[in-house]
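Heads up, the next two complexes both have chain A, just with different partners, chain B and then chain C.
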Partner chain A sequence: MSKVGQIFFRANSRHGLWTIPLLVAICCCAGLAAATADFVSRQNVLNLFAQAAPLILVSIGQMIVILVKGLDLSVGSVVSLTTGILSLNAPVYVTVPAAMLMAAVVGLLNGVAVTRFRVHPIIATLSIMGITQGAAMFVRPSAGGTVASEIVALVSGQLFGIYMPVIWTIVAILFGWKIVHASRFGLHLFAIGGGETAGTFGIAERRNVLAAYVLSSCFAAAAGIFLAGRIASGDPNIGTQYAVDSITAVALGGTQLAGGIGSLHGTLIGCGLLSLIANGMNLLNVSAFIQTVVKGAILLLVIALQPRKNIGL
Partner chain B sequence: MTSRSSLFRAALRIPPSCIVFVVLLVTLWVLRPNMMNPAILGTFARQVVPLGIVVLGQLLVISSRSIDLSAGGIILLVNYLISSGLLYSWPLLPIVLLCLGVGLAVGLVNGLLVGKRRASAVIVTLAINIVLIGLVEYLANGKPPGDVPAEFHALYNLRFWTIPAPVMFWIALAGIMSAFLGVSVFGRFVWSIGSNPTSAHFSGVPVERTVVIAHVISGLMSAVAALVQTSSIAVGSVRFGPELVMNSIAATILGGVVFGRPAEVWGPFVGVLCFALLFVVMTTMGVQEPGKLIVQGLIILLAAIFYGLRSKSN
Partner chain C sequence: MKIEPLVQMTSISKSFGGVAALDDVDFQLLPGSVHALMGENGAGKSTLMKILAGVVQPDDGMIRKAGRTVRFASPREALDAGISTVFQEHSLLANLSIAENMCLGKEPLTVLGSVDVAVMEQNARNTLRGLGLNLDPATLVGNLSIAERQFVEIAHGISANADVIILDEPSAALNAADVEILNAQILSLKQQEKAVVYISHRMEEIFKICDTITVLKDGRNVDTVPVAAITPKRLIAMMVGRELAELFPPRPPRREGEVVLSIEGLRLTPDSAPCSIVLRRGEIVALAGLEGQGQRELVRSLVGRYAAHEGRVRIGSRELALPLPEDHGIRILQALGVSFVPEDRKLEGLFLELSLAHNLTIGLHSQHFELAPAGRHRDVIANSIKSLSIKAATPYTPVGTLSGGNQQKVLLGRYLALGADILLIEEPTRGVDVGAKAEIYKLLRAYANAGGSVVVLSRETLELIGLCDRLYVIHDKHVVAEMPAEQATEHAILEAALHR
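Let's turn to the complex of A and B:
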């Protein structure tokens, strides 16, 4: 393959990142800036960050689980349940720890089911999703309630002249970078996802996979806190889209669903691309239903371009 | 000791659905003895016929180590086709054939992407599902669609010796599927892929083709389920909960078919009946929607853990 071909069509072996998503993202940006006057306005850029921040949070967690050959379908229901807990009539220092504790327990249940009882990740997280969604609808049957003003301020204000959604995004990225690319745990994630032999080299497979699921749920809870601050109330269905969206974003970013190959920057590009497409279609007044169709079509295309060894799940 | 452990193993071999079914039946008998007559139980069974037919496809797909999450989208699309009035002047048979064709086509797309492109089945069928749902909602444009032709409803309400026609149809379909899996070469292929895909491949089993065919059958079954579902509600609807897909997976696992287990029809069949009883028991006990979700999730998890333990002891 020619040099140009290598750059454009071959994925980096560890990161799996193609140049194509990056190019598509840049083209989207340029196209939208040209097509709509509002695109580069300060308000729209801020909206873009506010839309992307929760997706980035959920996707980082999703990527950590996918790296160890897993999948977490319960993230969306954790987001919903978190907004439900935060909208309860209680002070912040009770609701926020309660929400994080809930997320840790959900992650622990996922992890224990997958590692101890060898339940397939999809089945395990699907059933836990049902339980968590049920709990979310129990805590808050329909959208409503009020979230403490501290959380609203944490999301909508400014700090040192920087808007809060931007700060959330940066903190999420730094945190994700530390975990995935700058820690022993991150290296172990790649090793476990890469092959069957990780255990032979003294890597505690079970413990690390368990930690991956707990982290994924906690990231989802953080996204829930952000969203609760944005809408200033609780909503049992606000998280529904995040399971599919986060998988789409992670897959777009070159992370292989078979595990062991992926990167944080790839996931960020995937999130950015997905948010750009959604934002652009909103600006161009595309129907919400067509947006769903487009999202599904992108997911199909990306997945069809990721051939694997095994057939099936 | 040996006799006890072999007894334990024999107990493990019974699908959990049978145990759950007996427990639920006894619960209902204690709570509402007057419900224990064939006419009422037949009506309960009739409500889960669409689920039961989806499960017939799902068990094939799950047994060949894949999964089909697109049933909801197919049901929505078929329901829209029938109730939107687009085909109002058409006679019954072409409508039915068109709907079955839709199911076949979606199943084929799923199958080709999963089998030939080797894409992840969860993602493919999930994506197809959201594409179909988005499409139908866009076409329907938020309006509830019109009426379903009267023939459908008449057929649905038919009863033979107090047994509702849809239930008879379901039992017949399950019988055909069971015989097909037992007799045909395709059934053996599914069985061997379920046991071990690698050794199946090296034994000359066409793994790709079998997975594609399993997905096509699953799509077809979803379309058949959609026809039954549509005739049951008599008017069009744009809302079908995703719970149908989740329940179909739950019933399949409850029936003892998990990834890499040989396909078996009657275990999941009883699993679907469990759901019929479960809805009734929970409704009589006043459990609301959140409680139902939690119970369903718990059932899937426990059944899967049960099988995880069993595969570990083997």
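Let's turn to the complex of A and C:
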């Protein structure tokens, strides 16, 4: 295979195959720009960003868990519960720490179930998702309440002429980059995902996996804070889509669900592509039912087409 | 002058669930020496080394390192005390680079707290150079060959600046040329006044590079002797507790049986020369040669695990055109009475979590229609265990818990139970102790004497010469020579392989 072919169609590093989704995303942009007049409008680009920002937050956490051969289905319910807690009648300096604490506890429960009790990640996070979703319903049975104005200000408006969603997205990306690609912890995540033998190198497997789940929940809570600010109220169902969407975005970005192979830039591309597809279908007036069908099909297709544990070779 | 021992292990005992793995074992290591630890599989070598490496804690006994009493609760502590281990299993992570694998757990950091890739790769490069290896430390381990991986594994063990290095079967996956490089590395460690513990089943190497030999049997010390004072024959006798009359069973007089399998015009790749191979009834035929010259591909192309460019195979009266379909090539061949015994019993051969009974009969089950009731095959299981003398507590023991020799016998037993006429075997005795080797050779010879035919591949040329009737020497993807085993020597094979 030619050099170009190798770069584009084979995963030559542990970053996974992210070049193809990038090409597809560029094609989508071009197609939508040609097909619809609104796509390149200022309002739509802002919308796209505001849609993608919470997905990016959740997906970074999801990717961290997937790197260590896990999966976190509870992220959506954490998003919902966070908006519920933020819409309680209490000052920001109470609600925000409370939400983060809640997320840390949820992550800890997931992590303990997986590492200590050896429950399969899907089952562990599915049960915890039930518990968290129940709590969200209890805190805010139906959409409503008001979120403190400080939080609304944090996500709408501008800072030095830059829109806040953009700023938060960049902050999250830098933070995620530091964790995944520029720290010992990140390298250890890849090591744990890469094989059974990481422990023999003196890596504390359990502790790192536990930390991955806690991080995932905290990223989900951050997404919840962002969403609560945008809608200025609480909603127990606002996070429902994020479990599937984040897994789809991560897989779309070339991260392998078997663990050990993936990248932050891949995940960003995956989030971008998924948001583009949703945005495009909205612009083209595709019905909500069809949109769900398309998303499900993408997840299946992407996982089916992923090269299995294929590093170079 | 008496040299102070670097490591002194005294009266070490350890049992697992009531079974004594080690009983009052003493072991001492001198600086600047290569110490072979010998014994059959299950003799306690690995347990003893795991105790020294901090993987397993002893029930009783004392370890002194450079005069101080130590106790290692984890591999990390042992490593910090200067004891590093290269384990038998491949422990490198395929998705990390060489440098990352070598520094994992103790990565150098930049001022910003991220992993310092430049320093890491420089360190790794220096270590690799010190061992005479010219590999790019940024290469992912998954892209290395098995021999290269093994070297990186050793480099990893040595890079820890340890003064005691434990090498557990480092040469099992290496060919002769690579073993030479490894031996040179071990000798250079010795010159640096380090102590090396060397576990291997290959006699030649032991006698070439080791100074002292300690033999264990059934978890007890048999003896510790200088290499100069012992012969290979005597050493084997110490290990098995009896004189092995001969490692290889006697060869019956040559007779020309009918041809049961013939390969004609086989070309592995479009640009390789065509070759032909013939296998007769009652014959063991070897494919010899340097490693990576296509022996493996040749055998695998017969069962569809490698797509040869072209060729024809005649088995009995059936003629097949190569390449065979990958997904059911093995089934086609099995229906014709040909069984393929793969090299890597852990990955390709056995179902490690399943019982030994299951592993023995799974071949029989696979012959039937999927919904047919599965027979228990109690008699098959009992017969196999008896005739192969497999040592296991019950037939329901998971096969992964058995020793290497017993695992290999189970694998072989599966295909013998199928009543195959022809066996294609890769590395019949990889990672197997001497006693089990002799038993496997005997089984194969008995099989051939009973009218079966065998094709064997092995990295150990002496094994091929001793076991087989006839050898084909493969070089550059085709047969370059054919010789009867009585006339074959290592020298002759090498000369034929290098044929210029």
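In this section, the second predicted complex is superposed on the first by the 302 of 313 C-alpha atoms of A that agree within 3 Å, B and C clash if a C-alpha of one lies under 4 Å from a C-alpha of the other, contacts with A are read in each partner's own complex, and residues count from 1 in each chain.
Here is the rule we use: a contact is a pair of C-beta atoms (placed from the backbone, for glycine too) under 8 Å apart; a residue touches a chain by one contact, two chains touch by 3 or more.
From a predicted model like this one, the values you see are computed outputs, not experimental measurements.
J.: In the superposed model, which partner reaches more residues of chain A, chain B or chain C?
T.: Looking at chain B versus chain C, the one contacting more residues of chain A is B.
J.: Based on the superposed arrangement, let me know which partner A:A182 touches: chain B (first), chain C (second), both, or neither?
T.: In the superposed model, A:A182 contacts chain C only, not chain B.
J.: With both complexes overlaid on chain A, does A:A135 touch chain B (first), chain C (second), both or neither?
T.: first
J.: Once chain A of both complexes is superposed, is A:A297 in touch with chain B (first), chain C (second), both, or neither?
T.: In the superposed model, A:A297 contacts chain B only, not chain C.
J.: When the two structures are overlaid on chain A, which partner does A:V40 contact: first (chain B), second (chain C), both, or neither?
T.: neither
J.: Just chain B (first), just chain C (second), both, or neither: which does A:I170 touch?
T.: neither
J.: Is A:V244 touching anything from chain B or chain C once the two structures are fitted on A? First, second, both or neither.
T.: The first partner, chain B, only.
J.: Identify the partner contact of A:L101: answer first if only chain B is touched, second if only chain C is, both if each is, neither if none is.
T.: Neither chain B nor chain C is touched by A:L101.
J.: Between chain B and chain C, whom does A:G193 touch in the aligned arrangement: first, second, both, or neither?
T.: A:G193 contacts chain C only, not chain B.
J.: Which residues would you name on chain A as touching chain B in one complex and chain C in the other?
T.: Touching chain B and chain C on chain A: residues 311-313.
J.: Can you name the residues of chain A that touch chain B in the complex?
T.: Chain A reaches chain B through residues 71, 113, 117-120, 122-124, 126-138, 141, 244, 247, 251, 257, 287, 289-293, 295-297, 299-300, 303-304, 306-313.
J.: Can you list the residues on chain B that touch chain A in the complex?
T.: For chain B paired with chain A, touching residues are 64-67, 113-115, 117-124, 126-131, 133-135, 137-138, 197, 207-208, 211, 246, 249-250, 253, 258-259, 289-294, 296-301, 304-305, 308-309, 311-312.
J.: Under the touch definition given earlier, write down the residues of chain C that touch chain A in their complex.
T.: 74-76, 79, 87, 89, 91-96, 100-101, 104-107, 109, 112-115, 140, 142-143
J.: Mind listing the chain A positions that touch chain C in their complex?
T.: Touch residues, chain A against chain C: 13-14, 178, 182-184, 186-188, 190-191, 193-195, 197-198, 200-203, 260-261, 311-313.
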